[in-house]
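Each of the next two complexes has subunit A plus one other chain: subunit B in the first, subunit C in the second.
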Partner chain A sequence: MTNWTDLQSCRFIEASARERAIGLVDEGSFTELAGPFDRVTSPHLKLLGDAVAFDDGIVTGVGQIGRTPVFVISQEGRFIGGSVGEIGGAKMVNTIKLAIDFHDELVAKFADLDEEEKPMVVISFETGGVRLHEANAGLLAHAEVMDQLQKARGKVPVIALIGSKVGAFGGMGFVAAATDVIIMSEFGRLGLTGPEVIEQEMGKEEFDASDRALVFRTTGGRHKYIMGDANFLVENSIAAFREQVSALTGLSIEAFEEMRRIGSSAKVKAQLRAVALAAQMQPGDATEVWSHAGNTDAWGLIDLPLSDFLARVERLSV
Partner chain B sequence: MEMQESMMGRGRDAIEMIVDAGSFAEGTVGTEAFADPEFGPGAVVGTATVQGTLCTIIASDGGAMNEKFPVVYAGIIGLEEGYKMAEAVYASIAADAEKPLAEKRPLVLIVDTPGNGPGKVEEIFGMNKSTAAYQLALAEARLKGHPIIAMVIGRAISGAFLCHGLQADAILSLDAQFGTMIHVMPLTSVSRIIRKDLETLEDLSKASAVFAAGPRFFHSLGGVEALVETVEGMRPAIAARIAEVRTAKAEGRQDDLGPWGRGKLGEARGGRTERPRVIALMNREFAEVAGRYAPAR
Partner chain C sequence: MTNDDKRNSWRKRAADTAARKEAAAPLFVKGKEVLAKDTVALLEAVIRPFDIVNIEGNNQKQADFLADCLNKVDRGKIHDLHMVQSAVPLPAHLDLFENGIAKKLDFAFGGPQAGRVAKFIENGKIELGAIHTYLELFGRYFLDLTPRVSLVCAYKADRKGNLYTGFNTEDTPAIVEATKFREGIVIAQVNEIVDELPRVDIPGDWVDAVIQSPKPFFIEPLFTRDPALVTDSQILLAMLCLKGIYAEYGVTSMNHGIGFLTSAIELILPTYGLELGLKGKCCTHMILNPHPTMIPAIEEGWVDTIHCFGGELGMEDYVASRPDIFFVGPDGSLRSNRAFAQTAGHYAIDMFIGGTLQIDKYGNSSTATAGRVAGFGGAPNMGCDAKGRRHPTDAWLKCGQELPSLERDIGNIPRGKRLVVQGVETFGEGRKPVFVEELDAWKLAKSANLPIPPVMIYGDDLTHIVTEDGIAYLNRCKDMEARMAAIRAVAGFTEIGLAAKPEETRALREAGIVKTPADLGVDPNRATRDLLAAKSMRDLVTWSGGLYNPPARFRNW
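After this line comes the complex of A and B, so read on.
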């Protein structure tokens, strides 16, 4: 394992789940829960004669950023695409639950607890959703995660980090959408239906899944930032993600609520204005929406260095 | 098992079978009116009584097509549909905001949906937000005391079931003789993707419910509370569940309901035994170190 200082400059997209988990919090502060030494492995994969992972493809634990306890969930795309099964799903669910319970415990114990001392949850996504080898259990776990996200509302902020190879798709695409804040790198991808499935449903003329530039224009970090689906767009390093998370510690829960895209009737009504725009525009390409947002040279945004992009881009407002 | 006539694609018929005769007011929930017939036609929302109790009804209409979003047909939940369903939930919460727990209106979800809208426009604008918005709204209503009962009548498939069904307090399903489909993917597709032959998977699914398709497997995993044997049985079964859920909420037993409650049920029924083990392990491990993460004073 690389040391913490070296991890900071690691490219986020290539970092393993454990490297991300350790590097995102303060040096030496991470305690892994149900880690590989516990060897909790999927009996369902074993039954099928498939390889198992001692952490079931997900790293869960707790660390600190400054004075803030940070509960971390980090998915490993190199193990069956970061897919969620019974054990990995339960680890995810229970990490959020531990954060909520810890919040309640601290609030009850310390009358003068300040915002920075309250726990937060960080989820580093790298997954296509349900693990088909144990699909039903994985699906049920997704519903439990959504339930915990709602239970965390008003207490524990939940931050999504998306910048790993696999992206965040399928059921985990909803989970990411349901968090308070989404931080992406330009290499992150977020969506519901993966590109191959869209191609299969709509035909190659409509959507060519092998066209990587098209895939990134539709689901990538720059697009999601323009749409307001990503709150922050950062450089592709563990340090950059860590700094952005760190900048959010200590904010009030109301400030986190404001950063949400969905989660109230008013926010749904705002999203419906965007849907009306979708119906009216019927965009054949995401760049048409970028132009509509006020970017005169939409195609030129694609290759701008990140800092220039952030300085120049107009984000969609409906 | 004698096969019965399928309810697939018949969400509107199911509403009539479930609610008290003539009581369904489509397009009205509390003070919210869904007046535009072209808005989210794949989702039917409204208010009705079920054995005298005022309920919000949310169903999919398998016969409707959304002209603006052509991926929506056969009960698919599209961008508009997900948000429309969410709005029906928020309207229910708002209508009963001042009422005591015992008077929060139940929500009845009639489930027959094959999927969430796949498509380029959907991805550009973020279909994931639409379905997530509905799930969060349901979870909020459930936690605020509204009893939510899902009744699976046809297809409850993968992400669409997550969206419309799996956030309920309790889930009922017509039994297998109705051809009810509950799964992430049919076993034939699973076999192709994970590269295992179908016969092996069929054999294994007799011993393990975690990847097999059908209401009975979900029942053993705790993913479905109870199976209903006849269409006439739906109304009394839903009414009885509403009463049970109300009692549980009045007694503060929210943890026996909803997704977390179904986790406990999955353990009790022997279908999901790893989940509680790993949760207990994490709780023990965290308890040992929790002091390090609390303020030092």
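After this line comes the complex of A and C, so read on.
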């Protein structure tokens, strides 16, 4: 395993789930829970005669950033596309639950607790959603994760990191959307129905999944940042994601609530205004919406170095 | 017989051509321009049954509109054509045989249509002339397969018929030269008819008609490899190649085949290659399409010249901005030329390196699989020892000097040998073993009634095999027994590899005929993506200073 210092400069998109988990928190602070040595593996894959992974493709554990306890969930795209089944889902659920329980315990014990000392959850997504091999159990796992997110609400902030190869699609796209903060890199992708599935269902004329540029204009980090679906857009390194998470430690729970894209009647109204805008514009391409947001050279935004992009871009407000 | 009669009896081709052009005369609107809607009528006017016809089907650019139009002709008027063309990658190329318009085919590369080619040969829809290499086919254009009518492809034309083929000149000059100077008819589809061309690649009086096609011709970015997909094991192979072959022989001139191994080599030149001290000593002169993965090495000053078979989508501006390296015209844009690049690839370069799907226990290799007649394009001409070669270079001489059989064959006369290298993982795509008892080419030969199994590189031309187990220096083997043992030694856990005897392999290692990564001093733990000078398409754009403009399907941002 590469040492922590080397991990910092490691490209986020290429980093394994474990490398991300270790590198995102302070050096030497990560403790893996239900790790590969515990060999909690999927019972469904075994029945189907498929290979299992000793961590079921999800790394869970706890570490700290400064004084903040950070519960980490990190998905591995190289194992069945990062798909979430019964075991991986249970690991996610229980990690969030641990954070909530720990929060309640701390608050009960220490009345004068700093915000900085309260736990947070970080989920590094790399998944296409439900593992089809274990469909019902996988779907149920998604629902249980959503349930935990609701329980964490107002207590433990949940931060989504999206910058890995597979992106965050399918049911896990919903889960990501239900977190408090989304941090993406320009190579991250967020959506519900994946590009290949759209093409398969609606035809190549509707959406050409082999046109990677189109895929990224529609689901990629830059687009999501302009649309307000992602709160922050950072460079493609573990260090950059870590710094952005670190900057969020110590914020009040109200500040996190404010960063949510959904979850209050005001936010729902804003989302409805975005839907109305889409219905009115009928955009043929994402760049038309970027232009509408006030970007005069929308196509030019695509190739700008990230720092120039962030300095120049106008984000959509509805 | 009068003198005039005599003269005419020697001018039948000219008279026939004149008659065909006469029939087409009403279709011309201005100069040599014919409207797209009249294309089928034009083809019906100038093509006769049993003609030898070429549709420019290259490795990359395709005269797709003309191919579609040829499918629409009245097959009562036009039938039994004999198609001669480099590649048949478009459905339309095969539809001609389905529709009964064409009967016989001579070609070099089948690409995506390889399955249909096999089926059509089997059920008699195609009468196969032969599967050639590009150079053989070009040669036959000037021998017995001269096209009567050629349907070619260019970016731009003027109304005098001058063509601009620019970045993707590819096969056009060879086709037009053979056709026109044997009084044939040349029809060009172009993306645009303009008043002034950037430069003239084909002179107007060699072209009979130009047609602006309804949409730009199809072109395939065949040589773009996304660095994000290069694996650690490909990087290990690349390290072995650089240390055990490039450095060992001091190879300056070469062709890199298509595939991820050669991309990996290109991407570690500025890192591992530099560490080995190879800059300026290796890879200075290359015959290659403008591979995007070459950008870091070019930017770091490794390369003196690159001549190209064809272009590569997205590399236009980069190439135009590096005219010291590439062959460009007075207008500043690349001029590729498959015939000349293949000639250089056959005679001038010291090494060909590439991959394959199968290698048999004797060292013969092929990408042919049962049910697909794909052909090998230009690989066999580069992946062989050109026996007509006479100029010496250090790498060529050293490779020849190592041949224990040299003295037996030609006594005490020194002679070199081309390095022909196949780099493969012992298990390839779909976990299929690369090393096999018998090539699938045998099965294909049977099912498609081919007179010989299609072999890409023959065993006696192959000098080196590189796998994750190490390098087999086949040129150092004294006989077939030794060669087969060397192949077994690097064949991993395939059936062939499991037959290796440890004591035999030890002896081969001591003799320097087989070298493992440890023997070469290559640490497999270092074989990680960290060695890649560029790890993503975006990195290549950055290396190029923004000049490389990847096609949409490769833009991962």
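Side notes on the structure shown:
As a convention for this text, the second predicted complex is superposed on the first by the 318 of 318 C-alpha atoms of A that agree within 3 Å, B and C clash if a C-alpha of one lies under 4 Å from a C-alpha of the other, contacts with A are read in each partner's own complex, and residues count from 1 in each chain.
What we mean here is this: contacts are C-beta pairs under 8 Å (C-beta built on N, C-alpha and C of every residue); 3 or more make two chains touch, one makes a residue touch a chain.
All of these numbers come straight from a predicted model, not from anything done at the bench.
Taken together in the superposed arrangement on subunit A, subunit B and subunit C fit without clashing. When the two structures are aligned on the shared chain, A:A213 is found in touch with subunit C, with no touch to subunit B.
Looking at the shared chain after the overlay, A:S264 reaches subunit B, while subunit C stays out of its contact range. By the document's definition of touching, neither partner reaches A:R315: not subunit B, not subunit C. Judged by the touch definition given at the top, the superposed model places A:V175 against subunit B, while subunit C stays out of reach.
Between subunit B and subunit C, B touches the greater number of residues of subunit A. Touch criterion met: A:D303 reaches subunit C, while subunit B stays clear of it. In the overlay built on the shared chain, the residue A:A286 is in contact with subunit B alone; subunit C does not reach it. Seen from the CA centre of subunit A, subunit B and subunit C lie at an angle of 110° in the overlaid model, rounded to the nearest 10. In the superposed pair of complexes, A:K46 makes contact with neither subunit B nor subunit C. By the document's definition of touching, neither partner reaches A:R273: not subunit B, not subunit C.
In the composite built from the two structures, the nearest CA pair linking subunit B and subunit C is 14 Å apart. Once the two complexes are overlaid on chain A, none of the subunit A residues touched by subunit B in the first is touched by subunit C in the second.
Those residues of subunit B lying in contact with subunit A across their complex are 68-69, 71, 79-80, 83, 86-87, 90-91, 94, 116, 118-133, 135-137, 139-140, 143, 158-159, 161-163, 166-167, 183-185, 190, 193-194, 196, 204, 207-212, 217-218, 221-223, 258-260, 262-263, 266, 272, 274-279, 281-283, 285-286, 289-290, 292-295, 297.
Those residues of subunit A lying in contact with subunit B across their complex are 31, 33-34, 38, 40, 42-44, 47-48, 50, 60, 62, 64, 67, 69, 86-87, 89-91, 93-95, 98, 102, 106, 109-110, 113, 117, 119, 129-130, 132-144, 146-147, 149-151, 153, 170-171, 173-178, 190-193, 197-198, 201-202, 206-207, 218-219, 223-224, 227, 229, 261-265, 267-269, 271-272, 274-275, 277-279, 282-284, 286, 289. Residues of subunit A that touch subunit C in their complex: 11, 13-14, 165, 186-187, 210-214, 216, 220-222, 302-303.
Residues 228, 529, 535-536, 538, 541, 546, 552-557 of subunit C are the ones touching subunit A in the complex.
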